[in-house]
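Below are two complexes that have chain A in common, paired first with chain B and then with chain C.
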Partner chain A sequence: MITILSDSALATVQDLGRTGALRWGVGSAGAMDRAALTCGNLLLGNDEGAAAIELQVFPFEACFEGEHHFALTGADCGATLNGRPLLPWMAGRADPGGVLRLGPPANSRWRGARAYLCVAGGIDVPIVLGSRSTQLRGAFGGLEGRTLRQGDRLLVGAAADERPRPVEIGILPPALALPLERDGLPALRVLPGAEYEAFTIASREAFWAEPWRVTPQSDRYGFRLSGPPLEPIAPMELRSHGIVPGVIQVPHGGQPIVQMCDAQPSGGYPKIGTVIDADLWRLGQAPIGSRIRFIETTWADALAARDELIAWMADVRRLLDLYRARSWSR
Partner chain B sequence: MTSPLDAAATLAAWLEATDIDLLELTGPAGRLRLRRNGRTSADVGESNHPEPDGPHDGTEPLEGVPDSQIVRSSLVGHVLHAHPLRDEPLVRADEPVITGQVLALIRIGALLVPVLAPCDSPCASMLVEDGALVGFGDPLVRLAPSGEG
Partner chain C sequence: MSSAEPRISVLGTSALLFEAPGEMDLPTQQRIWALAREAETWPELREAVPGMNNLLLSFVEPPRRLDAIQERLVAAWQAATPLPLGGRVVELPVVYGGEGGPHMADVIAHTGLDLDEVVAIHSAPVYPVYALGSHPGYCYLGGMDARITTPRRKVPVIRIPGGAVSIGGAQTGVSASDGPSGWNTIGTTSMRFFDETHDPPALLKPGDSIAFRVAGVIR
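Let's look at the complex of A and B:
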C-alpha cells in the first residue's frame, strides 16, 4: 500500500495504455513516457506494462506502508527516501513507513518533465477495457477515473514469486542511450501527414527548419507549439476523422497541436504530420517552455526506429536478468 | 542443455594464450570460473552456496593499505564517478560517507551497478579515473580508517 501525502495535482495511475478501444471512441491514455515506465518495470522484474504513478507536478510525497521495492524513472527529481538521497533511474527498497519525496525536475544533463514511480508488483487498480490507465476524459480507469489526491491509498500487486527479487541497480536513461538532437535541441521524427502538401512550400520548409516552443497550453491531451505560422495554400474545411497520439494538427492561426495520450479520438483540423510512435516518449518529456525540432522521416525509418527502441529494451532486460541471476546465486 | 563444463577445457586452452587471470561466466544454468595458477571452481546448476573462496582471493594487495580499507570491483565494467544524468560526483573529496552510500557506479552496457560503502568512513578517495575499465577484484575506492581524515 502507498499513501499519497502531498496535494500535488495531476498525478495519475498509468500503464502502457488502453489500446484497441479507439473504435468505441475511447482514447489510449497511458504513460506519456512509455520508455520510462517500461524501464522502471524492467528494473523491478515486473511485467513491462505494470501500472505506475505518473508525476508531473512537484513536490510529490508518498509513504510506503509495507516493505516495497520501487524504481524511479523519467525526470530526475532529486528524490529522497526518509531524507536520504536516491539516484535516478534506479531500483531501491523502502521499509514500512518510508517517505519518498520528489522535487522539481533538475536541470541535469537531460531535463525531463515527468517522473514515474514504479513498484514491484505494480499499482493494483481495476483493469477497465484491458488497461489500468486513468482515462480522465471518460472518468474511468486508474483510481476512480481521476487524478490522485492527498490521502489516497493505492494497493500494490503481489510480486511474482518465481522471479528473482529486485536488486539495487540502475539503468542508463534512454534519453542518453538513444539521444536524438538537431542543432542542439531535442528532436522528434515526423512523417508528413495527409494534408502536408496542402500547406505552402514556405510553411513546409519552416516546419522542418524552425524550432518549436512547447507553450504552457500543453498537457496530457496535447502539446500546443509556437513558432512561425503554418499557412495552407487554400482554406481547408475537413470532416472530423479518427486521430491518434502523435498527430500534428494545424488549426486556424497556424500554430500546431501535437495530440498526446489523452487526445480525443477524432478531429477535423488539417494534419501536417505525425510524430512517430518511437519518439512520442521524447515529446512526453519536453518541459513547458523548452524548444524542440522536427526531423522528416519515412515509414521505413519509423519502423526501424521502433525496432531500435525494442531491441534496446530487450538488451536491457537480458542484462538485468543476467545480473539478477548472478546476484541471486551469490 | 549442454553443461558449461563441456566447454571448460576449450576455454582454458584459449586462456593460456592470454594474460587473463580470471574468467567468470554466468548464465541461467549457473556460474563457471576459470582461474590462472589456481584452483578451478565451477558451480553448475542452481547454486545458492556461498563463494568458494573469499572475495579478495587472487587480487593484488595494495601496498601499504589494509585490505579492509579498500572497496573492490565485483564485476567488469566502466567506473563512473557521477550518475550519467548529473554533473556532481557521487562522493566529494574530504566528505564523510555512510554505510550503504553509493560511492561509484559500474556501467555494463546500459546497466548501472552501484558500488556501496561497506562501512561509515570519514572520507573516501577514488582509486580509478572516471570512465576507466575495471575488472573483477580491482581496487576502486579507498576508505579512510575511522579517526583519520
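Let's look at the complex of A and C:
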C-alpha cells in the first residue's frame, strides 16, 4: 500500500494504455512517457506494462506502508527517501513508513516534465476495458477514474514468487542514450499528414524550420504550441475521422496542437503531420515553456526509429537479466 | 475536384485513414460499415473504426511496406456493398439556447436564420448514428440540414458539459461527458451514453438513430 501525502494535482495511475476500445469512442490514455514506464517496470522485474503513478506537478510526497521495491524514472526530480537522496532511473527498497519525496524536475543534462513511480507488483487498480490507465473523460480506470488526492491509498499487486527480483542498479535514461536534437533543441520526427500539401509553402517551410514553444495550455490531452501561424491555401472543413496520439492538428487559428494520450480518438481539424510513435515519449517530457523542433521523416525512417527504440529496450532488459542472474549466484 | 478514388493517408506509424470519395451520405456510410466488418478480420489490424464516411485502421504492428494493405483496402472498398444496420431510435428532449447553448448566437449569425428557424431545422430529422468517437459513448450523426452548417470554432473551448448539443461544420452531436470541443453548442439534454461496466459500454452503435424533441427554447 502507498499513501499519497502531498496535495498532488494531476497525478494519475497509468499503464501502457488502452487498446481496442476505439469503437466505443474510448481513447488510449496511458503513460505520456511509455519508455520511462517500461524501464521502471523492467528494473523491478514487473510486466513491462504494469501500472505506475505518473507525476507532473511537484513536490510530490508518498509513504510506503509496507516493504516495497520501487523505481523512479522519467524526469530527474532530486528524489529522497526519508531524506536520503536517490539516483534517478534506479530501483530502490523502502521499509514500512518510508517517505518518498520528489521535487521539481532538475535542470540536468536532460530536462523532463513527468516522473514515474513504479512499484514491484504494480499499482493494483481494477482493469477496465483492458487497461488500468486513468480515463479522465468518462471517469473510469485508474483510481476511480480521477487524478490522485492527498490521503489516497493505492494497493500494490503481489510480486509473484517466480517473478525476477528487483535489482538495485540504474538505467541510462533514453534522453541520453537516444538523443535527438536540432539546433540545440529537442526534436521530434514527423510524418506529413493528409492535409500537409494543403498548407501554404511558407507555412510548410516554417513548420520544419522554426522552433515551437510548448504553451501553458499543454497537458495530457494535447500540447498547444506557439510559433509562426500555419495557413491553409484555402479554408478546410473536414469530416470527423479517427486520430491517434501524435497527430498534429491545425485549427483555424493557425497554431498547432499535438494530440497526446488523453486526446479524443477522433477529430476534424486539418492534420499537418503526426509525431511518430517512437518519439512521443520525448514530447511527453517537454516542459511547459520549452521549445521543440520538428524533423520531416519517411515511413522507412519512422520504422527504423521504432526498431531502434525496441532494440534499445531489449538491450536494457537483457543487461538487467544478466545482472540479476549474477547477483543471485553471489 | 475529382474525387472518385478513395484517399488513404498515414496517421504516424500506428494507423491508416481511409476516406471515401463523394458527398457525405448514408449509402456511403453503409459501405464504410461493410469495409470495417471486412477489415477488422485482417490479422495485421487491431481495429477498424468508422468515422464520417471514413475509416481508421489501427495496426497491431506497422507493416514494412504500405502498398499491399493500401491495394487490399481499395479492392475491398470496390467490392463493398452498403450494409444496412437496422437499429433503434432514441428520443432526446433538448432545451435550445440560453446558458446551455452558449454558441447559438454564432450559429444564428453565420446562417442568417432566426432562433426558431434554427431550432425547427435542427429538431426535424431522425439522425442516424454514423459512428462513435471523440469521447466514450459519443455518437457522430448524419442527416443534418445543410442550412444550419456552421464552421468549427477558431479556438476550441476547453470545457463543455456532458449533454451539450452542438454543430461542427455540417455535423451535429451530443457530448456524452464534460470535455474540450471545437463545436458550437446550441442546446442541452441529459442522457447516459456510456457505462464502462456494461457490455458493450456504449448506449448506441452505428445504425441506431437519435431524434431531438424540443423541450424548451430560451431566448
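Basically, the second predicted complex is superposed on the first by the 329 of 330 C-alpha atoms of A that agree within 3 Å, B and C clash if a C-alpha of one lies under 4 Å from a C-alpha of the other, contacts with A are read in each partner's own complex, and residues count from 1 in each chain.
Simple rule for what comes next: a residue touches a chain if its C-beta (ideal position, glycine included) is under 8 Å from a C-beta of that chain, and two chains touch if they have at least 3 such contacts.
Just so it is clear, the structure is predicted and the values come from calculations on it, not from any experiment.
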{"item": "Chain C versus chain B on the shared chain A, clash or fit after superposition", "value": "fit"}
{"item": "C-alpha centroid angle, chain C to chain B via chain A, nearest 10°", "value": "160"}
{"item": "Which superposed partner A:Pro173 touches (first chain B, second chain C, both, neither)", "value": "first"}
{"item": "Partner chain in contact with A:Gly268 - chain B first, chain C second, else both or neither", "value": "second"}
{"item": "Chain B versus chain C as contact partner of A:Leu87, first or second or both or neither", "value": "first"}
{"item": "Which superposed partner A:Ala79 touches (first chain B, second chain C, both, neither)", "value": "neither"}
{"item": "Which superposed partner A:Ile53 touches (first chain B, second chain C, both, neither)", "value": "neither"}
{"item": "Per-residue contact with chain A, leading partner among chain C and chain B", "value": "C"}
{"item": "Touched partner set for A:Trp110, first chain B, second chain C, both or neither", "value": "first"}
{"item": "Per-pair minimum CA distance [chain C against chain B, superposed on A] in Å", "value": "26"}
{"item": "Residues of chain A at both interfaces, chain B in one complex, chain C in the other", "value": "none"}
{"item": "Chain C contact footprint on chain A (complex, rising order)", "value": "19-27, 128-129, 135, 137-141, 191, 193-194, 217, 221, 235, 237-244, 246-247, 251-253, 257, 264-269, 271, 274-278, 299, 302-303, 306"}
{"item": "Sites on chain C touched by chain A in the complex", "value": "7, 9-15, 17, 19, 24, 46-47, 49, 51-56, 58, 62, 64, 66, 131-138, 140, 151-156, 158, 168-171, 176-180, 182, 194, 196, 200-202"}
{"item": "Contacting residues of chain A [partner chain B, same complex]", "value": "76, 87-90, 106, 108-110, 168-173, 176-177, 312, 315-316, 319-323, 325-326, 328-330"}
{"item": "Touch list for chain B against partner chain A, complex", "value": "26-28, 30-31, 43, 46-48, 50-51, 83-87, 102, 105, 107-114, 116"}
